[in-house]
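Please find one structure pasted underneath; my questions will follow.
Should a chain be cited, it is by its letter among A, B and C, assigned in written order, with residues numbered from 1 in that chain.
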Amino acid sequence: MIGTLIYGLTIGGILYIISIGLSLTFGSMRIVNFAHGMIYTTGAYILITALPLIRNNFFLGLLIAILVVIPISFIIEKFIVRRLYGESIDYAIIATYAVLLIGVDLVKWIWGTSPIPLSDPVGKSVTFLSIEVPVYRLIIIAVSLAICVGLWLFFKKTIVGKIVIAGLQDREAVRSLGISVDKYFSIVFVLGSCLAALGGVLYAPITTVHPYMGFHILLISFAVVIVGGLGSLKGTTISAFVLGMVMAITGRFWGPAAEAMVFAVMAVVLIFKPIEV
Amino acid sequence: MTTKIRDSGALGVILIALGFILLGSATSIHRTTDFIIFCIFVLGFDLLYGHMGRLSFGHMLFFGSGAYAAGLLVRYTTTNPLVAILVGICGGALVGAILGPVVVRATGACFALINLAFNQVGYFLALVAFAKFTGGEDGLSLTFSNIPFLNIANPKVFFGLTLFCLCLTYYFLKRLTSSPYGILLRAIRENETRAQFIGYNTYRYKWITFVLSSSISAFAGALATINYSYVNPSFIDPTRNVEVIFAALIGGAGNLYGAILGGVSYMLISNYLARYIPRWEMFLGLALLVLVFKFREGIWGNIISVWKSRTQTGG
Amino acid sequence: MLLAVNDLDVHYGHAKALHNINLHLFKGEVICMVGRNGAGKTTLLKTIAGFLKPSQGSILFDKKPIQGFVPEKVSLMGIRYVFQDKRVFSELTVRENIELAAYPTKEKVSDSIKRILNLYPRMDVLMDSKAKGLSGGQRQILLIGRALIGEPKLLLIDEPTEGLSAGIIEEILNVIVRMKGQLSMVIVEQNLSVVSRMADRVYIMKEGGIFKEINDRAVIEQSNALEAYL
């Protein structure tokens, strides 16, 4: 059971890293960003491509993946997301989904459709409370906690973070102070995308790397964000780890149902706490 | 001075029937039947998207519910196709009625995503959870019996049946959207709060519309099952939602003719153009971007604007 | 003339929200926009502040046209808009609210804080509490204090006394009267007795247009006289 719990924290950590960017983009721009899934996938595939070239240095691969993703997300933000800002959200959803489609096909074109296996970069296990736990999973948990703390510091202590918090609450008021809040939201978008790539890289060794992986994880991330409350960073954090647990525990008893259970939880939450967005 | 054409629905029915008969003789009966069934699906989807303003990203769930309801019925009990269609519609209505209260309260992003999530659950149920009954990945292959006067094994007869179904659906929606109910739908789309202030229980109307939309989508799904004589998870696959969304956009959302035009357009593109385009998904994605940024009103919308600017003389 | 609005029309979609607005403001003046709900007072302020684009007409600030400028630019040019509903950044502390407002200007945060404490010394104890804990009157003062950062030339204030009790209104009024002379203000106000005490001139708005301009201080000081025009 402890192993399952740790796995739950691991999944929760990944979900947190991926979902927080989604939540930020939704809170700031009221846009559901399907392209987030494409960035996630890109991160994983860049890692896989880079690893053999850099002597399997995982950390370096992670950095490269993030560096590649920054200009891509900047372009998506500038040419698609920004144009749809303030318009009917339906168009934003469709447009970002289109980006995801294009991205998936590009991936299929360049890397083919078959899943690419990737092994655990650490490979070692540690005995924790009398069971063997892969060190890699603990690393993921640690990284996600570090990001959690990092983001907390960013929003609480830096002026840019405070501008974003204020902008999430009242965009017009921030503009009336003379601050071009949209520029900061763009930064947030790119930051969220970097996190998505990070999530893709971290998750790659313990999941299947295939062209549709982005679509896959996106659905669960959406559930995380909806359960946590759209645009609520604290809510997303909590629901990410809770749903990670749900997945791990369900997976232990009936593997394929793990994801479906997440949606079931989402449905139950929605019945008792309907969203009026 | 603009002239308005009084369209009582009968005119549309005739146009649609003629149009498809022409198309059928120009291409192939079998293909056109496919087109017709898809158009019914688009009509059902567009009721929710174009008329009520709610984008569902998981409507394949209802198409698939109708398909599987019909399929399961035929596999395990009667093979009467008409009963199968009826059961299919009921299946879709049931799913819509149960999910409705949860889904319909949401708007915008939430609405789209919740539908998608439920679609994914449905896909899982069909593919894995109930694989024993649904045949899992392989699905079910089915045989349908013939009924007196309707030999549906004959492609021409089935073509006529589906065309009749399409015209029926069109006529029903035409009457619905021209009625006060239709006006209320548009009011909900424009400004739901205001509609509530006027005194309408918008929640109830949203739910009813949702069930109607799911039923019509299921109708199409059941017809598709009969058309192919099988049902499998691709009938409920969430990644196929983009097809019906594309169709609604390219045809022109919020308009019945637009929905049908869109359905035909998408089918034409995916059947004929796809042969020449190796990277189909990329093309679809790019086409969607073009639609969203440059061509929002769709074909029908553009026809209407051209018509308007022609019939309005300056001065 | 600090502000001149000429022949301004503003549309919401197809509906005309403002038509043929003409008004002017001299440096140091306080003018009040008075009128029933829906007359277009907030729409006018929002348009001057840059949140709405006029379909016709011009807005001249210090003889420079500013219609169509984005709100950020208008703010940096020295026009500050204080929203209705006392919207502060509730998740940030009072100090952080001030920090944010000082960020785009060259003003030091300590100077901004000093200014607000000058206006309202009791804000001292509230500096590090979250803004959502503030009362309505305290929020309004914070908002006004925020708007003064960077020493703007013109304040656009939307219904400062709405929902406040008589004692608090008195405090707000004192703050506004004290700011008089340092800067110019366009204030939307429904409370006619408040208008009587702070306005140099009054514009009465009806159904999206300017109904009457009242320059006579004697008339303004009689709030019942004003009421007769509504």
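Assume a contact is a pair of C-beta atoms (placed from the backbone, for glycine too) under 8 Å apart; a residue touches a chain by one contact, two chains touch by 3 or more.
All of these numbers come straight from a predicted model, not from anything done at the bench.
Colleague: For the chain pairs A-B and A-C, which is connected through the larger number of C-beta pairs in contact?
Modeller: A-B
Colleague: Going by C-alpha centres, which chain would you call the most central?
Modeller: Minimum centroid-to-centroid distance belongs to A.
Colleague: List the centre-to-centre spacing of chain B and chain C in whole Å, with centres computed as mean CA coordinates.
Modeller: 52
Colleague: Would you mind pulling out the distance in Å between where the CA atoms of chain A average out and where those of chain C do?
Modeller: Result: the chain centres lie 42 Å from each other.
Colleague: Between chain A and chain B, what's the gap in Å when you average each chain's C-alpha atoms?
Modeller: Between these chains, centre-to-centre, one finds 33 Å.
Colleague: For chain A, which residues count as touching chain B in their complex?
Modeller: 26, 30-32, 80, 83-84, 89-91, 93-95, 97-106, 108-109, 212, 215, 219, 222-223, 226, 230, 256-257, 259-260, 263-264, 266-267, 270-271, 274-277
Colleague: Flag every residue of chain A that touches chain C in the complex, lowest number first.
Modeller: Listed in rising order, the residues of chain A that touch chain C are 159, 162-163, 165-166, 169-170, 172-180.
Colleague: What does chain C use to touch chain A in their complex?
Modeller: So the residues of chain C touching chain A come out as 49, 51, 70-72, 75-76, 80-81, 83, 87, 89-92, 96, 99-101, 103-105, 146, 150.
Colleague: Show which residues of chain B lie in contact with chain A when the two form their complex.
Modeller: 49, 55, 57, 101-102, 105-110, 112-114, 116-118, 120-121, 124-125, 128-129, 238-239, 242, 245, 249, 279-282, 284-286, 288-289, 291-293, 296
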